[in-house]
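Both complexes below contain subunit A, partnered by subunit B and then by subunit C.
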Partner chain A sequence: MTIILQLLFTGIGIGAVYALVALGFVLIYRATNVVNFAQGQFAMLGGYCMVITTVDLGLPYWLGVVISLVVMALFGALFNLGVYYPLRHRSFLPVVISTIGASILITNLVLALYGPEPTTLPGMTDYPGISFGAVFLDAQYLVIIATTLALVILQYFFFEHTMVGKKMQAVSQDKEMASLLGINVTGMIMLTFTYSAVLGGIAGILVAPILFVSVGLGAQIALKAFAASIIGGFGDVPGAIVGGLLIGVAETLGAFYISVPYKDAFAFILLFAFLLIRPQGIFGEKIAQKA
Partner chain B sequence: MKSGIKFLLWLAALIVAIGLALALPINGYLMNLLMQASTYAIAVLGMTIVLGYAGQINIAQAAFFGIGAYGVAIGTTTLGMAFFVSLLLGAVVALLFGIVLGGSTLKLGGHYLAMVTISFQEILTLVLTNWIGVSHGPDGISNIPRPHLGFLALDQSQHYLALCLVFLFVIAGLVAWLKSSRLGLSMQAVRDNELAAGVAGIDTNRVKIIAFAACAFLGGLGGGLFAGAFRYISPDQFSFDDSVVLLTMALLGGVDAAIGAVIGTALLILLPEWLRFLKQFYLAVYGLAVILIMIFMPQGIFGYVTRLFGRAPDLPSGAVAPLTLGASVATDRPILEVDGLSKHFGGLRAVDEVDLVIESGSVHALIGPNGSGKTTTLNLLSGIYRPTAGRIRLGGREVAGLAPHLLASAGMGRTFQNIRLFHSLTAFENVLIGSFRAGSGSDAKSRRARALAALDFVGMAARAAVVVSSLPYGHQRLVEIARALAANPTLLLLDEPAAGLNLTEKQNLVALLRRLRGHGLTILLIEHDMDLVEQVSDRITVLNFGRRIADGTPDEVLRHPDVVAAYLGEVGEDVIA
Partner chain C sequence: MSLLEISGLSAAYGAVAALSGLDLAVEEGEIVTLLGANGAGKSTTLRCISGLLAPTAGDIRFAGTAIAGLHPERVVRLGIAHVPEGRRVFPGLTVRENILLGASNRHSTRAARARDAEEMFALFPDLVRFADTRGWMLSGGQQQMVALARGLMARPRLLLLDEPSLGLAPLIVQQVFRIIARIRETGTTVLLVEQNARIALGVADRGYVLETGRLVVAGKPEALWNNEDVRAAYLGGKRLSEESRT
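Our next item is the complex of A and B:
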């Protein structure tokens, strides 16, 4: 029983990271109808920003976080200008391929500059964690879960109770109409990319102390986050979160009870199962075409 | 260019290539590059089919390549089988994986497919690395033997390269030929407009799965030859990065042409030699290249070149035959009988127990205010939606709930309110695809003649060789009608054919509809232009809020009080002011 609780806790912690990256996917997908295959690289870059600021430059943790997130915001804007904006009037496939190109570019630039060796990064606190009987709640996992929860609540209020949030929703539902109503569509999409990059960066900063910072970090997280958003129901915000948690728990349990080398395969097996049985995911994106 | 000349050129190039491979003193390093290029190119030709022709993404081509390579490696070393048997076996296993992956995901489209292929790629890498008993794990498999062809031993690299070149040329030739074949055109139709492809009679799922399976098979074949070329393979040669490289090769050269695949592969294999100064930034440059190609050269190098020189028209020669229409079932029985047809979207009853009878040889108009369920009815009749309830009989046969391509082959033809053509194909090719419907002209020659006849019927024969996206709007409408006519439909459904046409074009349309009626074709017409409706229709059915509110001759219906109320509002409510 204790062991299951312990595994569940770990699974939810890691799943929260997938959920954050999946949330970034979903936001960009809803605003632009494009799947951003470089979303995981946002997380990787966030991790490396922390390495540069706190390890290389020796800045304090919180200053490092602030600088990293500002850099990520700028990067998100740059990404929009370079990868999405020139292709905004084209069909789905060119844009997807362009984001795949961007993910290769980012990964290999970092690889060329930093090499393949993973770097360790300190957590937010030195405090080890809390023990509940035999179950140990690691501080970094608690930080991850709390941050994700806070961000989800914050995002809910942002979209439902602020004008900018409502404008962003309008753009995601009907760009043409939003534009006719005087909403700055280009600006809103820019904002979406910026926010998604920051979300990715936060995920990277949170997960870095657990998984190490390496160039492979992006792909590793992105694939699972993407699987999470399909399992939850593509384009659905609660779905992305539930899907992320589900995958985190599944792979933690799978690694413990079934096989460690195949740990990374469980997310995909779960994904295949969903695609076969319930392709619209838990919360169901409508898969229908219009004439 | 005539296909005979093309074939001779192809043969000459093959002979020259083999002659050079055998005669030139090629050093070991260059030999490796050439073998890598020729085997990769085979896999990239698979991408040409799936991504270029069918417009479906595959980011796991290196995985299929790896399956083929491990097929040869395990087959020849562990199992002691003959090289060519192992080669075929590996490619077939890749094909089967392709069918399973494609079959489970292609219905869902774009991003799902991208995700599933990436997942497959990752899982395969995990399996190859960890299933040590079979794959020898990260150490890989070495001492892979090369084949014997009868008395001819292909041990020597130059001989083996010649073998790879033969494979490459044959496959490139086949892939190039596929493009203008019936299957290839069907793939391009699916790529350009999947919905219209289905309504034009193409089994879109089947076509996509075939494309995906062919791509996987060619990936496996290329991989098997690769294993023989280098005699050593390991899991890291078939990673996600390599899939991206294969994808980039296809895009760079020109994704919808076989020659493009070969150009792209050759360039990206040789490029590292020229880009040596970039060292570790080399893959980053790849990524940048992908983005830049997408933005500035979406057709790739070969596409860019062909655009500069234009495209040779591919039309049947000789006199245009008159179009034969309407056919077979001129009985006194109604062509279409619809009983209690309903379609609910959640709580919304878009179509609510509609009855409709269309007499053979008549022009029947379906009218009603916006949102009254007209287009939904057409979508039900053409199989795009499945009815919630009700029966649809076409020529006495129950067809409710059939898929669009099955309805098309049952004789249902249609056009769309917002024109849906295969935008990158010519007018002739668009209409030719319409003629593919099962049973309409058995051989290729008569189908081509029929396609031209259909274009001529609507007055567009002179523009047959023009790519439809560059035609004016009114002409596009006519091409769409010709596409439906080429299938020789029993019933033609026209969804607002006059929308967006100017006065002259409308008059031409009226004349065209009358000529069609004169040929005995039965037509169901949705239209907002009441003048046009009155001029051409024999009967009118009126819908409002998804229900049928009137049915009869134009005189009866247009004076019916309910119809007047539906169009002008109830007298006494909002009119009096």
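Our next item is the complex of A and C:
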């Protein structure tokens, strides 16, 4: 019993990271109808920003976090201007190819600057964690879960209770109508990219102390997060969160009970199962009605 | 000077011409209707005015300012609200949210927006019950009311309405047109596109009839109603629309 609780805790912690990246996929998809395949690279950049500021430059951890988030916000805006904006009137495919190109470019730039060896980032706190009987709650996992929870609540409040949030929703539902009302469509999409880059960056900052920081980090997380958003019902915000947690738990349980080397396969087994049994995803029906 | 002055307006979708050399004027305080069969170019005219489509030639002046080719976000700030064909209510937002977003063209405080929204609920009392209902759950008539209220939230000097009667039951159509008449009484000028010529000419001060992107005749409602060509064109239009519905 305790081992199950221990595994669930670990699974939810790593799943929260997938959920954050999946949210980035979903928000950009809803705003632009395009899948941003560089979303995982945002997480990798967040991890490297932390390594540069706190390890290389020796800045305090909190300052590293602040600088990394500002850099990610600027990067998101730049990404919007360089990768999406020039192609905004084109169809799905050219834009998707553009994001894949950007993702390859980012990966290779980091590779050229930092080389292929993974680096490590210390955890946010030296405090090891809390023991609940035989269950040990690792501090970094607690930080991940708490941060994700806070972000989800904040984001809910933002989209449901602020006028800017409503405008962003309006843009994602009907851009032409939004512009007829005087809503700044370009600005709202810019904001979406900025926020998604920050979300990805936070995911990277949170997960870096658990996994190694390497050029492969982006792809590793993005694949799981992409699977999570499909499982949730692509385009659905609660779905992305639930999907991320499901994948985190599935791969943790699978690694423990079945096979560690095949850990990464369990996300995709779950994805295949969903595609066979419930291809519209957990919350898929709601979207069909909305459309 | 007319509130809206259009001269020599031409527009195209790719290589296909949709409007060729249209002249039209709307005076402040009028309801002017633009009639014509399906595909005549009525919606295209409104799209050019509100900035959704850049004209290929011609001039559009609103209160003296040249607005042809301006972005829709700019046009609505100048005081032209466009309620497009098919209502386009945001499906995932509630009725109240849809209406509040109508004020996006002007700077107003949260309290002022809420007050204006209450005014809309007073004008459309049937919507009160549905204030927290999402757009996709509404009937066509309710959606039309929301679209009108959202358009009025912009406090426009000129309101562009594209086929507000389309797909509505006769009783609801009458209700919508009573509200259009009231909108004019509050000082808002209306350019009304319709296929339902009978009801449009009933509220309008003047009318224009379009045929394949050209103006064929303009005048007072009685004159248009008694014009043989218009009746032929109008009946043809009605036949067309009925065919497309079956």
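Operating definition for what follows: the second predicted complex is superposed on the first by the 284 of 291 C-alpha atoms of A that agree within 3 Å, B and C clash if a C-alpha of one lies under 4 Å from a C-alpha of the other, contacts with A are read in each partner's own complex, and residues count from 1 in each chain.
Everything below uses one rule, namely that a contact is a pair of C-beta atoms (placed from the backbone, for glycine too) under 8 Å apart; a residue touches a chain by one contact, two chains touch by 3 or more.
Note that the structure is predicted; figures quoted are calculated from it, not measured.
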| item | value |
| --- | --- |
| Touched partner set for A:60, first subunit B, second subunit C, both or neither | neither |
| Contacts of A:129 with subunit B and subunit C, given as first, second, both or neither | neither |
| Touching partner for A:174 - first (subunit B), second (subunit C), both, neither | second |
| Contacts of A:182 with subunit B and subunit C, given as first, second, both or neither | second |
| Touched partner set for A:98, first subunit B, second subunit C, both or neither | first |
| More subunit A residues in contact - subunit B or subunit C | B |
| Shared contact residues on subunit A - subunit B and subunit C | 289, 291 |
| Subunit C to subunit A touching residues, read off their complex | 50, 52, 71-73, 76-77, 81-82, 84, 88, 90-93, 97, 100-102, 104-106, 110, 134, 136, 150, 154 |
| Residues of subunit A defined as touching subunit B within the complex | 29, 35, 37, 82-83, 86-87, 90, 92-98, 100-109, 111-112, 219, 223, 226-227, 230, 234, 261-262, 264-265, 267-269, 271-272, 275-276, 279, 287, 289, 291 |
| Touching residues on subunit B, where the partner in the complex is subunit A | 51, 55, 57, 59, 104-105, 107-112, 114-116, 118-120, 122-123, 126, 129-130, 194-195, 240-241, 244, 247-248, 251, 279-284, 286-291, 294-295, 298, 375, 378-379, 382, 384, 416-417, 495 |
| Sites on subunit A touched by subunit C in the complex | 163, 166-167, 169-170, 173-174, 176-185, 289-291 |
